[in-house]
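Presented below is the structure to which this report refers.
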């Protein structure tokens, strides 16, 4: 387990996560360079200009050109990071949606202290779900007599996805604001009650990882850990079959 | 033994205003932001809601129009009370200020009648977002009217003794109270169309 | 501006009465406009314009903003700017849901 | 207002209208609240370092409902977290920076006898104290204090127990107090400056307070509006922040629905971002004064610094949504707020660079206030720099709501603002009491705090990069937080060490008030007007109305006998 996580960035198994890591690394190098530069100047100034017996401070000091140039460079570099990295990455993260037909669409409904995960099942159609049907056995209020809901699969805290396939997760919440976070996928999106927000990602490696809740959602915020397993396509299909409720009269 | 705080009665040579006037305008600036926060909440809730009831169907536009006129008249009598002080006529000032206070009470009376109608028909803040923002906005405005009435009544009775000792300082105070009262009327001028007419 | 000479104030009193009449008329007009049930945006724009005119009259004449000192105008200008930023705040808050092809 | 008869004890010390007494009242109350806030987080640190284990000694004090058998329950942990944030910001740092230092020093530095509205000044202190007591009382309400973070996002805060309502009422008091205070400051600075004290000769500390007051004046009311809306939600059953169809632990809520939770976030952050600049600007003001005084030379680029501070104040109103990148807003909005966030980082860089360049060519004295002021510079640099990856949406995706954010803002507030406020206390203590705080104890306090505070906050960046979410009662539930759990233990020990490191400061503060070395009215040989008053300044401050003849930092003027030339000294 520990080869995934450490003191720095966790392992990245997302197709697009690499760019986010690159930006974070560039930032930290940039910050280190600036901070060390400032520190060197700071120490030199303190040592050189400490109060000695007859030391006289300068009254007029000329306008130093170098610091202004450094400030301009810092501003330009930030603008470069902004336009070069942040705009495209965030647009891709939020709005580059793959075709629904070519991807696996999953609904995730957050609630106080668990993730309800709803698969469309073989027919690819999500069953209707209404708040008033919500009960302990039916946490997302799935309408049983809706034909599309027959083959739907609902699990709690168990998100299984196939590898190397675009995934679209439709995020919503039943009660308060949670935040759906997959640290290894570099994905995080607040789930706002009353809204349904899609988020997309694609896993490039298999393994057992976890879903985290990143927004304070009450006393159980710390234990909203979900299991996030990336399987091969065959394993995923086998799992879907095993989960599909058996039809007595194999009508279709 | 020490310098007094200056520019209480005379305007500051550079800024040209007395402490009180600058202070009341700053306070009104923060009030603009307070009602601005509630207006932006109203706009957000309205644009976000899929259906928004039509104002004049749910609310009594006739009463509100009368209320608007009452507040405008009270604004006029307020500024007249200040003008009569500028003309050194205390009794006229007392008459106008009394009318302003009475009109303030009439405004609150009409508001109470309106609220009464709503409560009878079981329209509470909890019934719908429209009623909730209606009660919040008009309720907060009514609290500001009450505050204004208290200040004006103070200046009508105990406060006016200052006229004997420092007439100019008293005139400045009435001007500041007037500025606050006009602001309360100004907020209602925006509240009336956004809630009742649109 | 506070303690001006009595004659000037007499002139002021006349302006206060005219301003009052204008405000009363505008109130009736804005109510009348609402009965015309114009299309949404037009009704909002018109109501807002009338309200701004009325507010302007109260501010300029009753609150003596006309000819007020620079510092008060500066503070109010700053406040109005941030008031506009505050009223534009709702535009920032709508959740934008991408369309899935 | 000089009084013929000597005022009674009550009038003179408790219900005083003298800005200096009110400043001291603010100072003592704010420092007590800082201690309370620190105590709350010390309890949290135990839970984070040793999750689920009973807290020795103090654990039983919290009672069965909060910590049965000394084991801190998650809801109590959330209460501690929410109240730690609220107390430290609204009851500790702002009242100390603006209430105490501002109230005491601004009238003195501009040569005024008192604040423009003394009674209003007294009222704003007592409204602040009432708000503070209401906040503390919220712990004793059924199910405890507010527990949805200091940001109290609905719908969680709407369905929270009654402590949240008490929190809101406390906030309304605190907002009213800050609002009245800011009106008082602006009028005092504009109207009561001594003759010759033009705006370009104003000490930078007064500029910082002036801009901070505008931020308080214009940014606080929208939070008051949001507080009123949430109070209506909680008490009158309206649903401004509650969308329809909410189901909480099994049953649907009986509300009209149709509200929008993002409305609260927008109104809250519309205040909270100017609020964080309210936290840093007074600190910058104090650091600028102390650096100028102890390098014995004028500040580098005084005009640039004032311009940068004004620009910072203005920009702080249009960056608020960088706290909300992941609520689902579109790219047009997030790009706009990224651009304004990058722009606002420039004035901070300018301010820091000017302060750093002020050291060049100086004759630096390393007394305790100067040590704290110098330590402020690199610490604020770390705080500012770590804000950059949080300011861009792409890197914020991974770092949002993690310990990286906690590290970022604590670096700006703890070794940043608090070090500056400590520096200010050591620096102006001789003017307030006529005695000097002990240098030895000061240096012990400085070095201990400096080392320990870095051990407390530096590891948080590593935990943040690892993706550990904030506000977790027990981080070890998550696999990605296992490796960094050892850091939690280190941070906890360092935090308790930091608490102990404050004892020399507290002792020094109390002991020196009565037994400190007596000093004359201008021990630091400073140039600004507050040093021209007798020590401690009497009611009404100046014997003769001061006339200002030159800028605030005339140090080492060539051809002068002394290396400092007070603003009002005739040549």
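For reference, chains read A, B, C and D in written order, and residue numbers begin at 1 within each chain.
Note that in this section contacts are C-beta pairs under 8 Å (C-beta built on N, C-alpha and C of every residue); 3 or more make two chains touch, one makes a residue touch a chain.
All values derive from a computational prediction rather than experimental measurement.
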item: Given subunit C and subunit D, the chains that contact each of them; value: A, B
item: Dominant chain pairing [most C-beta pairs in contact]; value: A-D
item: Centre-of-Cα separation between subunit C and subunit A, whole angstrom; value: 46
item: Distance between the centres, which are taken as Cα means, of subunit B and subunit A, whole angstrom; value: 49
item: Separation of mean Cα positions, subunit D and subunit A [Å, integer]; value: 32
item: Interchain centroid distance [CA atoms averaged], subunit B/subunit C, Å; value: 15
item: Where subunit C touches two or more other chains, by residue; value: 71, 78-79, 82, 86, 89-90, 93-97
item: Residue numbers of subunit D (touch at least two other chains); value: 190, 218, 222, 260, 262-263, 266-267, 270, 327-328, 330-331
item: For subunit A, residues contacting two or more additional chains; value: 94-95, 192, 195, 197
item: Interchain pairs in contact, sorted by label; value: A-C, A-D, B-C, B-D, C-D
item: Touching residues (chain side subunit B, partner subunit D) in the complex; value: 1-7, 12, 15, 19, 22-23, 26-27, 29-31, 33-38, 40-41, 44-45, 48-49, 124-129, 131-133, 135-136, 140
item: Subunit A residues within the subunit C interface of the complex; value: 94-95, 97-100, 105, 168, 192, 195-198
item: In the complex with subunit A, residue positions of subunit C that touch it; value: 95-101
item: Contact set on subunit C toward subunit D in their complex; value: 71, 78-79, 82, 85-86, 89-97
item: Subunit C to subunit B touching residues, read off their complex; value: 2-4, 6, 9-10, 12-13, 16-17, 19-20, 23-24, 27-28, 30-31, 33-34, 43-44, 47-48, 50-51, 54-55, 58-59, 61-64, 69-72, 75-76, 78-80, 82-83, 86-90, 93-94
